[in-house]
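Inspection log for the structure reproduced underneath, given as structure tokens.
When the chains are written out, they are named A, B, C and D in that same order, and each has its own residue count from 1.
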Amino acid sequence: MKVSIVGATGYSGLELLRLVSQHPNLELISLHSLTGKGELLSETFPLVKETGYDLIVEPVDAVRISAIAEIVFLATPAGIAKDLIPLLSSSLQIIDLSGDFRLEKSENYDNWYGQSAAAQALRDEAIYGLSEWEQTALMGARLIANPGCYATAILLALMPLFEKLAMGDVIIDAKSGVSGAGKGLSPATHFMQTHDNLQAYKINRHQHIPEIEQQLSKVTESVAPITLTTQLLPIARGLMATIYFETSATNQQLSAIFATAYQQAPFVRIFAEQLPTIQQVIGSNYCDIGWHKDERTGRVTLISVIDNLVKGAAGQAIQNVNISQGWEQTLGLPLLPILI
Amino acid sequence: MKVSIVGATGYSGLELLRLVSQHPNLELISLHSLTGKGELLSETFPLVKETGYDLIVEPVDAVRISAIAEIVFLATPAGIAKDLIPLLSSSLQIIDLSGDFRLEKSENYDNWYGQSAAAQALRDEAIYGLSEWEQTALMGARLIANPGCYATAILLALMPLFEKLAMGDVIIDAKSGVSGAGKGLSPATHFMQTHDNLQAYKINRHQHIPEIEQQLSKVTESVAPITLTTQLLPIARGLMATIYFETSATNQQLSAIFATAYQQAPFVRIFAEQLPTIQQVIGSNYCDIGWHKDERTGRVTLISVIDNLVKGAAGQAIQNVNISQGWEQTLGLPLLPILI
Amino acid sequence: MKVSIVGATGYSGLELLRLVSQHPNLELISLHSLTGKGELLSETFPLVKETGYDLIVEPVDAVRISAIAEIVFLATPAGIAKDLIPLLSSSLQIIDLSGDFRLEKSENYDNWYGQSAAAQALRDEAIYGLSEWEQTALMGARLIANPGCYATAILLALMPLFEKLAMGDVIIDAKSGVSGAGKGLSPATHFMQTHDNLQAYKINRHQHIPEIEQQLSKVTESVAPITLTTQLLPIARGLMATIYFETSATNQQLSAIFATAYQQAPFVRIFAEQLPTIQQVIGSNYCDIGWHKDERTGRVTLISVIDNLVKGAAGQAIQNVNISQGWEQTLGLPLLPILI
Amino acid sequence: MKVSIVGATGYSGLELLRLVSQHPNLELISLHSLTGKGELLSETFPLVKETGYDLIVEPVDAVRISAIAEIVFLATPAGIAKDLIPLLSSSLQIIDLSGDFRLEKSENYDNWYGQSAAAQALRDEAIYGLSEWEQTALMGARLIANPGCYATAILLALMPLFEKLAMGDVIIDAKSGVSGAGKGLSPATHFMQTHDNLQAYKINRHQHIPEIEQQLSKVTESVAPITLTTQLLPIARGLMATIYFETSATNQQLSAIFATAYQQAPFVRIFAEQLPTIQQVIGSNYCDIGWHKDERTGRVTLISVIDNLVKGAAGQAIQNVNISQGWEQTLGLPLLPILI
């Protein structure tokens, strides 16, 4: 199927390109960028030169995209997709990697994104694409709201627990590589400030918070407001969520819950008491989960790691296309991480 | 005063050397190491060559140290100091940077360190050297148990709160640079495994846990067991503790509590709602504290950062000598961090 | 075809696994290691868990390998392959990633590797696998000596020049990521010594020197001894060779020489005056080459970059299998680098 | 003496602050910046908060600086000092860390800096402050042109050789940490492009080239044009110059030349065949020099390392003040590097 990528000069856009290039059923047809002026992609990313994927970066043209593509990935900042999608042909499949269609309540979008939400009808149509939990809903979906990177790592860890256990307060200490902060230039992403440092940002104000609470509320009656700290690690890729909660469940019960939830999930690996590290998922679509239950306190420390650009963005987007098209969900997604 | 350093070929030992070299009242007289064979220190650390501090690294000889030194710093692994100190002259001032004299209950040492505790009389004599909270006890102290690095960052943040507020459960997500893991060779500190990674270790089993709970219990009636996650950052120096707790105290009350606690403390800086980063304390003896209170949840996320080799080891050791000797506590300690 | 990997617990072994997993004509059949005791590979590299490639790591058993495999990759330290190969079935195709079969003169091996060379007959049989320059010789080759990482980056840059120009002295300042130093534990690869540092090692004593001089002498009459500095960068992957030489050739002539040499070479990209960086080849089999000719001095500064684990090891090994088997040389090799 | 720093919000400015704070004879009186609007320095660099050095950053006001300061450091981009200095009182001592007064021939400045040179009279007055080679000229100097970072590491290595040996072509492969690239925001200093990378820039076009050739020509009759490659390392601080040249001098002769040249130089350490690394000088004013002579080629590979912000900028500036004022040249300069 013919694929266009909007936002090709960003990190998620480039990662989509890498994954589309390895996918047997997808053919890249055009690249677009909000600032595209007809230059080659290699002017932004020299790594694509002579690869066969060094296309012209075109401006965002809804008519042209509608004419040539069958699937379009929108790897754009919040606020773009909601205005662009109404202009696209209704026969296009759309995977939006931004937050524009993730929140069901418009006031949540207004409050956490600081702008007005997309049209109600479109938001009603959009399927929230947490692949492992929306297999049925995703089948045949036209408009997919791809989950946020933090939300993905956190929800894959918490959904089974909220579904099966009585969960109280949850505290999440999350850390992400710098690719998550995007290509924009700012002191916070200058090497001198990022390197050899750890920087907390948007504490309890991150826009993935309402997304997480909304999805958890689908599998349980009530969800207490979560605490979420987001921090910038001095690494390029990778995301770790360290999650704290109290439970009377035993280690065996936790193992059983995760085993049941993910026995059919090729991209979720349960490490149990062997704690996963960020390195072990880089370049891959895995979410690795491990935990430690402290008998002294009755609290569990649970660790969930993903590659923010793959399972947290481009990889899950491909997985969602696979599911929606009725293909094997691992199709075209490399199973082995790369050691960096 | 004449100073010997035992454990000079470790990172804390080298940092002691750097700080002693800048101290007007301290004169370095000898270096010792458990593996010392009479080689120059520059064979281990070329950076000291021709600095005037490139002494011979001698074996650990209690008689010789007692004969030549007035102050001895023990920057040795757990289990060394407890056997060495009884052999040293009782007129020597001793600052032990290991955990041997930090725990009052011998069973705590036995359990968390996996070996038998030091003699009771010595443990009774030792003053726990959290500088800002033991100014009086430290005056004239002969044997000082220098706090652990995690314990320092965490206690400086929590002591004022436990003293003034009703504190319930506390969850601590702490991250340290690799220097905290020591010079020993292991896969976990090989560049390939440390770089571009984040590795959790000793979750809820770190030996600083009983140290923290013990000290908190001095300022309040009862302390619930804490949760502590320790993680290895891909950086050399620096430590951040992200601390979570629930409180009815307002932001203003929190500010007032910290302002009161540390108004006389030159090495604790209160950043309040401006969150500190690790970089801003490197090379210095500062502990920087900031926080965010989330009105949605009633929980506070509090961040405390130190340089693990300075305020978490060598710097606090010098500060404790200053206090015990009746000198200005900032004497010889550089006030400006170094930008790395 | 059925593949065994010997040295599977090293970095090149793991990279071979990653590439074999993506190759349509290769099927992984067994993993071996000098220290293999029957444990799963995931005990060394957790990243392979549940990927389908988490095989048992077997000891090195020539009889068993001969019985089950059709192709064997030897990713072992120098000195292993020369003793192992005589024990393997003569119907096996062997790709040796060590230096055991690269040097034609046994005294060169003796001198630069400090041990005695492989049997003459085997060394005569081995084809030196610099893919772009040995396409014909590689066809049907049974025993392939895969080039060294430094040698690959340097020879791909210098072979066309030595073939076409009168070349005098050549000075090479080369830098490699830490994966090139292997998994062995030593102070030089401890994070604390590697991070934020640049370490020169084996200056003019690196064993790739005779390999480079030998191959250059195949395309010209005489080759002056080269100068080679090797340095350890604080990165995991990637290698840059900065090469200095004097020439009367113009920029246009240099461009023409490289264009001619590599017009059929899908894995060599000529960036000319746009200087390549290490990042742009990571994860891929590319060698990117650029240069600057200084009119003030008549000297050229030429930069050649590869991923030391791909084009400098596992990737070129796969490319060599492809050529020797008569397959498309790009088969199974991902064309897009990964942004790290 | 009272000190003003112009360019206080840059990396060299901050490093000057750190060193002035430790200097017994210097008192910081004011901070200035081209963009200064009266904010505290801690708004740019939180690390200075509550240190006693968190002054207001004032605009650059020549009248005010002349009224309050005795010494002014100009840590500004090229082109500022040449216009500012004529406005300053002639009784002020000025240390210019930019390139405005380093080049004697105005056409050199015009060509390499792309703007017109400072007034001839001022350029005549300025003393080039390569401390170890200008001790006499620096005494009492009013206007000091502080050398460039690359120039410092390279000249300290080459001056003794050009003075004593017949030197031919010299090739220099130099690498610097990112602090050398300044605080300006650009893709080349964004963490994602700098991290895990090595980037060559300004090959043979770096403005330190004429500076190096000019100074070498002071100790020998003729100097052949040098080749200089400058490269950005993924580290914050530190600079290594790897220098290649041919010589008939023996190792012993080289040792003797360096020993003689620097026997009185407390900040130059000769490591001879033990090759220095970048880490061993960080935070200090040392220049460490080592080399390897290759008997196969007759060429020497010489390595010179400095901290670009200390010996390559602020540290040498302080050393020059010390010399010019007749103080001990080590005064206020920490002798021990810091392990990072």
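The rule is simple: contacts are C-beta pairs under 8 Å (C-beta built on N, C-alpha and C of every residue); 3 or more make two chains touch, one makes a residue touch a chain.
The shown structure was predicted, so the numbers you read here are calculated from the model rather than taken from an experiment.
Of the two chain pairs shown, A-C and B-C, the one joined by more C-beta contacts is A-C.
Relative to subunit A, the most remote chain by averaged C-alpha coordinates is D. Measuring from the averaged C-alpha position of subunit A to that of subunit C gives a distance of 36 Å.
Rounded to whole angstrom, the centroid-to-centroid distance between subunit B and subunit C, based on C-alpha atoms, equals 46 Å. Annotation for subunit A: residues 11, 179, 192, 196, 234-237, 277, 279, 282, 339-340 touch two or more other chains. On subunit C, the positions that touch subunit D within their shared complex are 169, 171, 173, 175, 192-193, 196-201, 203-204, 224-227, 229, 231, 233-238, 240, 242, 244, 246, 275, 277-279, 282, 292, 294, 296-297, 299, 301, 303, 339-340. Within the complex formed with subunit C, the subunit B residues making contact are 11, 178-179, 183, 185-187, 189-192, 194-196, 234-236, 340.
By the touch rule above, subunit C contacts subunit A in their complex via residues 11, 14-15, 17-18, 21-22, 45-53, 179, 196, 236-237, 269, 271, 274, 276-277, 279-284, 309, 334-340.
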